Amino acid sequence: MVIVMKAGAEQQSIDAVIAQIRELNYTPHPIQGTERTVIAAIGDERGKHELQQLESMRGVNKVVPILEPYKLSSSEIRPGERTKIQIGDVEIGGETLILMAGPCSVESREQILESAEIVKESGAQILRGGAFKPRTSPYSFQGLGEEGLQYLAEARDKTGLLIITELMDSHDLRLVEQYTDIIQIGARNMQNYGLLSRLSETKKPVMLKRGMMSEINELLLSAEYILSEGNYNVILCERGIRTFETATRNTFDLNAIPVIKKMSHLPIIADPSHGTGHWEYVNPMAKAAVAAGADGLMIEVHPDPENALSDGAQSLRPDKFRQLVKELKPFIQASGRTF
Amino acid sequence: MVIVMKAGAEQQSIDAVIAQIRELNYTPHPIQGTERTVIAAIGDERGKHELQQLESMRGVNKVVPILEPYKLSSSEIRPGERTKIQIGDVEIGGETLILMAGPCSVESREQILESAEIVKESGAQILRGGAFKPRTSPYSFQGLGEEGLQYLAEARDKTGLLIITELMDSHDLRLVEQYTDIIQIGARNMQNYGLLSRLSETKKPVMLKRGMMSEINELLLSAEYILSEGNYNVILCERGIRTFETATRNTFDLNAIPVIKKMSHLPIIADPSHGTGHWEYVNPMAKAAVAAGADGLMIEVHPDPENALSDGAQSLRPDKFRQLVKELKPFIQASGRTF
Amino acid sequence: MVIVMKAGAEQQSIDAVIAQIRELNYTPHPIQGTERTVIAAIGDERGKHELQQLESMRGVNKVVPILEPYKLSSSEIRPGERTKIQIGDVEIGGETLILMAGPCSVESREQILESAEIVKESGAQILRGGAFKPRTSPYSFQGLGEEGLQYLAEARDKTGLLIITELMDSHDLRLVEQYTDIIQIGARNMQNYGLLSRLSETKKPVMLKRGMMSEINELLLSAEYILSEGNYNVILCERGIRTFETATRNTFDLNAIPVIKKMSHLPIIADPSHGTGHWEYVNPMAKAAVAAGADGLMIEVHPDPENALSDGAQSLRPDKFRQLVKELKPFIQASGRTF
Amino acid sequence: MVIVMKAGAEQQSIDAVIAQIRELNYTPHPIQGTERTVIAAIGDERGKHELQQLESMRGVNKVVPILEPYKLSSSEIRPGERTKIQIGDVEIGGETLILMAGPCSVESREQILESAEIVKESGAQILRGGAFKPRTSPYSFQGLGEEGLQYLAEARDKTGLLIITELMDSHDLRLVEQYTDIIQIGARNMQNYGLLSRLSETKKPVMLKRGMMSEINELLLSAEYILSEGNYNVILCERGIRTFETATRNTFDLNAIPVIKKMSHLPIIADPSHGTGHWEYVNPMAKAAVAAGADGLMIEVHPDPENALSDGAQSLRPDKFRQLVKELKPFIQASGRTF
C-alpha cells in the first residue's frame, strides 16, 4: 500500500500518517519525491482494507493498493503448479478438455434424460441442469426443486455422466450436495458471502461463476472465502460481464482466461452460452475459449429450444451441438489437449 | 414484444413463428415492412421471457421487448400516487426529507451510542449501522452479529431514533427483524432471490439497495419479488453503479432518482457515501440528491473515521456531518420539502 | 510510479530495473517488502508513460502510477484559486451561474432567432446552436455550415447574447472563430489531438466536452493539450458517460462536478440535456447540477421539438424551459450564487 | 420503429402521433394491446433518427428502433457474400489469414528496418508502424511525421511487405496516401466524421478501428460514412473496449468477430496487443481471435520493448513473436485457413 500525500502537506500531517501506519502494524517507509511525499506501508497484504481508511486523514491525497488482496487463490502460493480436481475418472484442470453440457433448467424427466443422451454421446463428461433457478422476474419459471435433482441423478445413473447443478440458498446445501457431483454458485451469488462461507461444510467441488459486474480480482477474493474455510476444490467460470455493448447479451470476457491462468492456480471453465446469450455465437466463441487456454467449456444444449422454459435463445439444438463438438476437436488438439 | 424476421425470411418461417406465438397465448399481429416482416405479439407482458426463446426459430432476426417487465412496482398501477411508509412518527416518501445516518459497521457499544447522539442532534430520523457485513475479503471485519443488534436497540431506546440494519442471510431474518425498524438488503444481495422471497414473512419495511451492476429495470424487478409476495413496504436506494470511471469508488447515478420517480411509485433514498466512496464528495452529492428529488439520504458518519473497521474513507467526521446538515437545509427548502 | 516485482524475482532482475529507471532519469528507491520488492521511481511525473514500458522487463509484475499525469490543468498549480474567464460582461467560473441555452442545431434563420428570444428572456447569458453537427449516421442532417454561423451572429446582434458553437474540423477554425464567442469541442472530438493542438492558434475561449467513455483524468489531459500550447481559456463540460444503464441515453455523471472542483482550477459546466437524453429528466438534473456546484448549465431548448432535425427527444419546449429557469432560482441561491 | 404510447394515452394523442408519422413519410400501423397502444412506423430505416423526436410528443412513452441504422455495411446488401480486398498479391478477407505486425511507432530508420526483417521472416504480409501518434498526454512522443513515412516506404522496398499506417488529421491525407498501402483510422477517430468523409478522396483501402467506447452498431455506421461516399475498401478492426475491468488495459471484445461476421460483409481484423495491453496475454488472445473467425491479426512487435517510445508494455520481443507465429499455425489450420 502506498499513501500519497497532498502537495504541500505539512510535516505534522506526514508524521501523523506514519504513526497511524505503525499503529496498524505496518512498517512505514516515507519517500520524499520532487512534488510530494509518498509513504509505503510494508506488511502482509491481507489487512489492506484497514489502511484504506487513511484516506480520511488530513493531508492525505489517496491510498494506492500495490499487492493483490487474495492469497490462497494466488498462483504465488504454489508457483508453476495448477490445481487439478479429480472426481471419479474425470480430472478438471488437467490435460483433458472438460465439456459440461445440458439444458439451462431441468424441465421434466423426459427432457433431462433426452438431453443426457445427447450430451453423453458427444463425449462430454458432465451434465448440467438447474433445479433451482435465479430468475430476474418473480413471474418466470423458478425450477423444479428436489424433483429436478432426482431427475438429474437418474440421468447420471443411466449415462455415467457427472452432474453439476446450482445452489442458490444455503438452506438447500444438504439437499443439493446429496445429489450433485459439483455445486455451482451462480453469477448473481458470487458475492453472497453467507452462502460462500457455508461451502466449507461440504466436500463437494464448487464451480464459482464470475459475477457479471465483478472484476477478476473479486472473483479470486470470492474463491478465497471458500478456500480459506477449508474447501480447496474450487473451479472458476467466466460467463460474460456487463458492458455498454448490447449486440451480445453479455460481453463474454475471454481475456479472463489468460489473466486467471497467470494470477491463480485454479482451473477455469468458459461458458459461451451465457457469455454471448445467442446460440449463433456459441460455436465460434467456444473455439476461441479453447484457443485462449480454458480448461473446459460449459454449453447449453436443449432438445427443443423454442419451447425451453429458460434461456432458449442461447441454447443449441442437438444437431448444432454435435456439429460444435466435431468442429472443436482440431482446436482442442491445437491447444495441446486431449478430449 | 416484437419479433423481427430476417430480410428474405420464407413465408413458411413466418407462419411457424405466428403459430408459436399463438401457442404461447399471445395474439400475433404481422406487419409487412418495406424490408422485412415484423410480428407484434400482443398480450400480458409478464410472460415475456418465454417469447424471447423465439430467437432460436428459423428466419428470426431478433426479439425486441416493448413493455416493462414489472407490474406492481410500476407507477402505472396507481397513476399519480406515491407509496408512503409510516413507521411511528416517521413517514418515508412524504413531504419531510428523511435522513438516515450512522457508521458503516457497529464496532462497539461506545461507538454506536456516540454516533447515535450525533445523528439525533442533527435532526435525522433514522440511525444506520451494520451488524452483519458483506465484505469482499474473508480477512476483513465481518460485523458483531447479534451483539451489534443489541447495541443498535440500546441506541434507539436512548435517542428515539428508528434503526435500519442489513440482513445478509435468510437464516437471520427472525433475529434481525426482532431488533430493527427497517430491514436493509444490500447491493450485493439485490438479486439474491432466495433472500428476497423470504421477506414476505416479515411485516417490517424493507430498503432494497440497487446492485452496482443492476439496471433500474432490474431493481424494480427485484422489488417486484418482495411486493408480489405481499410485503408492500419497499423503499429503494441508489448507492452507485460500476463504470469505467475510477475517480470515484462507484459512479453515484443520480439519474436514477428522476427515472424511478417516473417509472415507479416507491420511495427512493440516495446514499452518496457509498455512491462516491470519498468523504469529500459526500457534501455536494448529498445536496445534488435532494435537488434531484430524492425522498431521503443515507449518510455515513463515524466518530473516528481513520480508525473505522470499514469504509472510513467515505465516512464524515461529526463536525463535517453537522456542517452538511446545516448546508442542506436551503436545498431541502428549495425542493419544497420540510426537515 | 511504483514498479512491483514478482514474488521471487531474482536480484539480477531487480538490478536491471533499477539501472533502467536511472537511465530514464528517475531516482530508484527500492523497498524490500515481506513478500516482494517494490521500487519507487522518483521524478517529474510528465514522463510517466515511458516508465510503463518497464512492464516488459523480466521479473516485473506491474507498474503502478502514483501521481496524476496532467500539470497545467491541476489545482495544485494554483492552490485555492479558480480560473475565471471574462467575455464582455460575462464571467465564467465566477459567482454568477452561467446559463447556455438554445437548440441542438441551427435549422433556419427563423428557428434560431425565435430560440434566441426565448433564451434572452429567461435571463441566460449565452446562446448555443450547432452549425456543424457530428452525426452517428451519414444519412442524418449534418448542419447548415457557414449559413448557420451567420444566423447565430444575427441572433447575437439582436439579443446581446454571447454565442457558443461547435468546431468539428480544424479546417473550419478560422471560419468558426470569426463568428463565435466560445468554441465548443464536442465529446466525440475530446481526443482528436490534431484538432486540440490547433486551438492555440485562437484567442477564443474553448469549451471542451467530456467524451462519453473518457475518465476525468483524460478530460484534464485533453485540456492540457490546449493549455500547454498557450490558450488558457478552457472551460470543461460534463455531458454524460456511457455505462450499461439504458434508462437514460447516457449516464449523466454529476460526480464529475466535485471531482473536477477538487482536481482542477478550470470552470465546469453541466449539460443535463445530453447527459440524460430525455427532456423529462432535464429539470431535476439541472437542479442537481447546480446543487453539486457546477459553474453553469447548458440546456437544449427548441421552439418545436417534435419537428427538430436533431435531439428533439431531449429538448425542452419554451414553456418547460421557462418553468425550469424559475424553479432553478432557489437552488442557485441555496448554492450561494447569483443569476 | 415502434412508438409505444403511455398506458391511458388519450385518442387525441394517438391521432397526433399517427399524423406526425405520416408527415415524416412513414406508414403508421397502430396496434391496440391489452395495456396500451403501440404504433409501428413502416418505411426505410435510414430516416430513423427523425422518428426518435416523437418521444417529445404528448402521450408517448418511448420510441423503440427495430432495424439496424446502416445499409451499405450490412450483410443484407449482399447475402452470403463477403468483401475481399486485393492489394498486390495480398487478399484481405479471403482464405489466407492476414498478419499485420510491427512496432507501435516508427522511432528511427534502424528500428523500423530491423522490425520489418523480423516481420517479413515470420511470413506476415503487412508491416505496421505509426508516423503520427494520437497520445493521451501532450508530453508524450508524437511521432516522426513524414520522416517516419519515408522509413516505412524504405522498409517496404527492402522486404516487399505492404505497409499500414495511421492517418490522424485530414490535412495529412495526401501525404499519408502517397506512402502507405492501407490507411488506418485509429480508435479515437472512429467518430471523427470530418476525417471519415474525406476518405472518399482516396482509392487506398481503409482500416477502421473500433472506438473503445463504441458499439458494434456505431462501428458499422462509421464504416457507412466511408462506403456511402464511394470508397468500398473498408476493413474493420477490433482492438478492445473500455469496461470496469482493469486487469487488462482494455477488454478485448472477441465477441465482435462473430457479430460482425453475421451483421456485415466487411473483413474484420483483431488486434490483441491493444486489446489486452499486456504482452503476456497477446499469445493466447491471438489464437482465440483466429479461432473466433478473424480474417487477420494485428500484432505489436518491437526489437527492444523496454526502450520503446510508446506501448512497450504490450509489444512482443522478436523471440516471443516468432514463437507466437509458430504456435498460431495449427489454429489457423483448424479454422480452415491458410497462411
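Letters A, B, C and D mark the chains in the order given here, with residues in each chain numbered from 1 onward.
Please note the rule applied: a residue touches a chain if its C-beta (ideal position, glycine included) is under 8 Å from a C-beta of that chain, and two chains touch if they have at least 3 such contacts.
Predicted, not measured: the structure shown is a model, and the values here were computed from it.
A.B. asks: Under the document's definition of touching, what chains do subunit B and subunit C have as common neighbours?
C.D. replies: Both-contact set = A, D.
A.B. asks: Looking at C-alpha means, what's the farthest chain from subunit B?
C.D. replies: Taking each chain's C-alpha mean as its centre, the farthest from subunit B is D.
A.B. asks: Report, in whole Å, the distance between the mean C-alpha point of subunit A and the mean C-alpha point of subunit B.
C.D. replies: 26
A.B. asks: How many angstrom lie between the CA centroids of subunit A and subunit C, rounded to a whole number?
C.D. replies: Here subunit A and subunit C have centroids separated by 38 Å.
A.B. asks: For subunit B, what residues touch not just one other chain but two or more?
C.D. replies: 213, 242-244, 246
A.B. asks: Would you mind writing out the residues of subunit D in touch with subunit B in their complex?
C.D. replies: Residues of subunit D touching subunit B: 2, 4, 7-8, 29, 31-36, 38, 40, 42-45, 64, 66-67, 76, 79, 242-244, 246.
A.B. asks: Quick one: which bits of subunit D touch subunit C in the complex? Just the residue numbers, please.
C.D. replies: Interface residues on the subunit D side: 20, 46-50, 52-57, 63, 69-70, 134-140, 168-171, 188-189, 191-195, 197, 211-213, 218, 221, 224-225, 228-229, 242, 278-279, 305-310, 312-313, 315, 317.
A.B. asks: What residues of subunit D sit close enough to touch subunit A in their complex?
C.D. replies: Against subunit A, the touching part of subunit D is residues 213, 215-217, 241, 243-248, 251-259, 261-263, 275-276, 280-281, 284-285, 287-293, 330-331, 333-335.
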